[in-house]
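To keep things simple, chains are lettered A, B, C and D as they appear, and every chain counts its residues starting from 1.
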């Protein structure tokens, strides 16, 4: 397995999962009110679309950041990646459930489902990185140790943050959904402005 | 982040969003008349499919034209691109709504939704380009200044044109839909016949 | 626009259109008989899936055969390709309609829709090739003239053959569907056994 | 046809088929109980998603293992691959049927459909490899004979194993579904821990 083909496969899954999110946005078959009002009342669906799209986009950027540090890939690494991609491709489902139910009495279950999905995804992301970087197993000989430990530090809080937002979902679905949005915004802003420029 | 991987991810989103448009075209579950008549009466769906497919195709060509001028990409540029791709992947939704409602009393809301989507997309497209070209931030040292200012000039009218067609949608959904088609046709013809041939 | 990026975009559309075909295959929400019988009675859907998948596969092989003869691409060629890809991405719709209606009283309309789609696709395929090869406009200087005229000869019958099968659909939907299958089988066998081996 | 473009097309189909699997997972339009209970009762859908995603992932790894041994591809090989990809792209359909019906009286038909799909896929996989390796037809001159015969040995049991699980499905759908999961787990573990590390 070469690094290039793993990247191509992963890029495909990231791109498809992100694009499929739009299938979750839909006007009800039977309109209860004017189309304009219906379209405005879909805002939880737009919000969920944007948050999940950006979350997948951020993960794609991070996946690339990992891959750039590697000299080679091995079989366990490939299968850890398949597990990670399984989680990424799963995202459209909790997104659809959250968008549909966040403002109903069933909102808590939807928020918890979304949170568990993201927590498991974060755990897989951490596993991919720790497997690759432990003892510099798969790293380039010239991978910058400060960069490596910086990536390690950036992965440690992922799963606990999402687990916390999941617990918040037990109490308030809407607060939890707002947190998911804030997490995406925080990662995006910090990555866009404090990430390093690459060639 | 390398330019090549951003291009591969963007190409994936462009291709998937364009191909998903066909899922918006469908025969109603219960036919009211013969299949032949039903298929003919779907012409707004065919029209919307063609216009949106060509619009995405033109955007893909333009995206490539931008990328060819760049020497490198940086993190804010990547995230501006993710925002642009979020808009591109959104296109199947307003397309479906426009196709379904353009000839109903609710047509105006559908036309306005489509127009707003395209206006926001044009704004993101402009932002991607102005970020990259401002002070020649990310440009190749040998990027031709006339080419660069030509691209800049070609992006300036995008958002105002779509905003105008959106306003037309407040008055007449069908006139607005015709304008969306004309904009796509105009860009395609001007690009195909006056664009430069590349190796 | 480089040849490589056009190929990547086209490969994406071919692959996605072919894979979306499976969404056309489905068990009815309410079963009228045992699942086993329902699954067997879906055979027109399996047949349509196989024929359309192979047809898209053959077109992908042929698209590659064209691209290999080219030294460069220009803007009109790119937009002819976008028109061709628009037709390819359309295929899941007539496939779904044909599978659903071929054995009903409305079968003729479904067969004609499928045939018109394929005829237009064949015309676009021919246009792409004739534009590229006319006066050797975009060809490699060392493109073998016999190979070039061989490709030209192989494209001439495409549109008339599909147009004929479309006319047959006016009389018998099932005969027309069988012809679409035969055309795919013929192209595949002739290409697999008489096509040249490449490095 | 170059090896690289066949790989790109195949990677696209593998990635799209795997990602489309999530469309098979869905909450019923009308909830019978609380959303939380509904989400828990979807476990056969989650199970089917995971098993099919991993199965496609394993096949993608194996496809790459084949391609790495090849020096070139020829036309029959390309069309055998299109047949294989037709099977891969079909996987979302039996997955959806199995997930929906495994716990109903109709479970046996669903389990048999899934098993037949996998058996045919395994037969195509074997054909692709035996065509390429027979008399070292398409192999690299320096392809290691032990590696080649190792791959051959690993393909021999595929079809019989899936055929056996299919027969089990005639008796018990659930036992058969468990077997499909075990087969995927077995291939994944053996490949991850006993597969060779590559550059």
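Here, contacts are C-beta pairs under 8 Å (C-beta built on N, C-alpha and C of every residue); 3 or more make two chains touch, one makes a residue touch a chain.
These numbers were taken from a predicted model, which means no experiment stands behind them.
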**Request:** Would you kindly count the fewest steps from chain B to chain D, each step being a jump to a chain that touches the current one?
**Result:** 2
**Prompt:** Taking mean CA positions as centres, which chain lies farthest from chain B?
**Reply:** D
**Request:** Determine whether chain A and chain D, two copies of the same sequence, contact each other through the same residue numbers or different ones, counting it as same when over half of the numbers at the interface appear on both sides.
**Result:** different
**Fill in**
In whole angstrom, the CA-centroid distance of chain A from chain C equals 36
**Complete:** In whole angstrom, the CA-centroid distance of chain C from chain D equals 26
**Prompt:** Where in chain A do residues touch two or more other chains at once?
**Reply:** 8, 12, 16, 20, 23
**Asked** What topology does the chain touch graph have (line, ring, star, complete, other)?
**Response** ring
**Item:** Chains that touch, pairwise
**Value:** A-B, A-D, B-C, C-D
**Message:** Using the touch definition from the top, list the residues of chain C that touch chain D in their complex.
**Reply:** 7-8, 11-12, 14-16, 18-23, 25-27, 31, 34-36, 39, 49-50, 53-54, 57, 60-61, 64-65, 188, 191-193, 195-199
**Fill in**
Residue set of chain A touching chain D in the complex reads 1-2, 5, 8-9, 12-13, 16-17, 20, 23, 72-76, 78-79, 82, 85-86, 89-90, 92-93, 96-97, 100-101, 104, 106, 108-110, 112-113
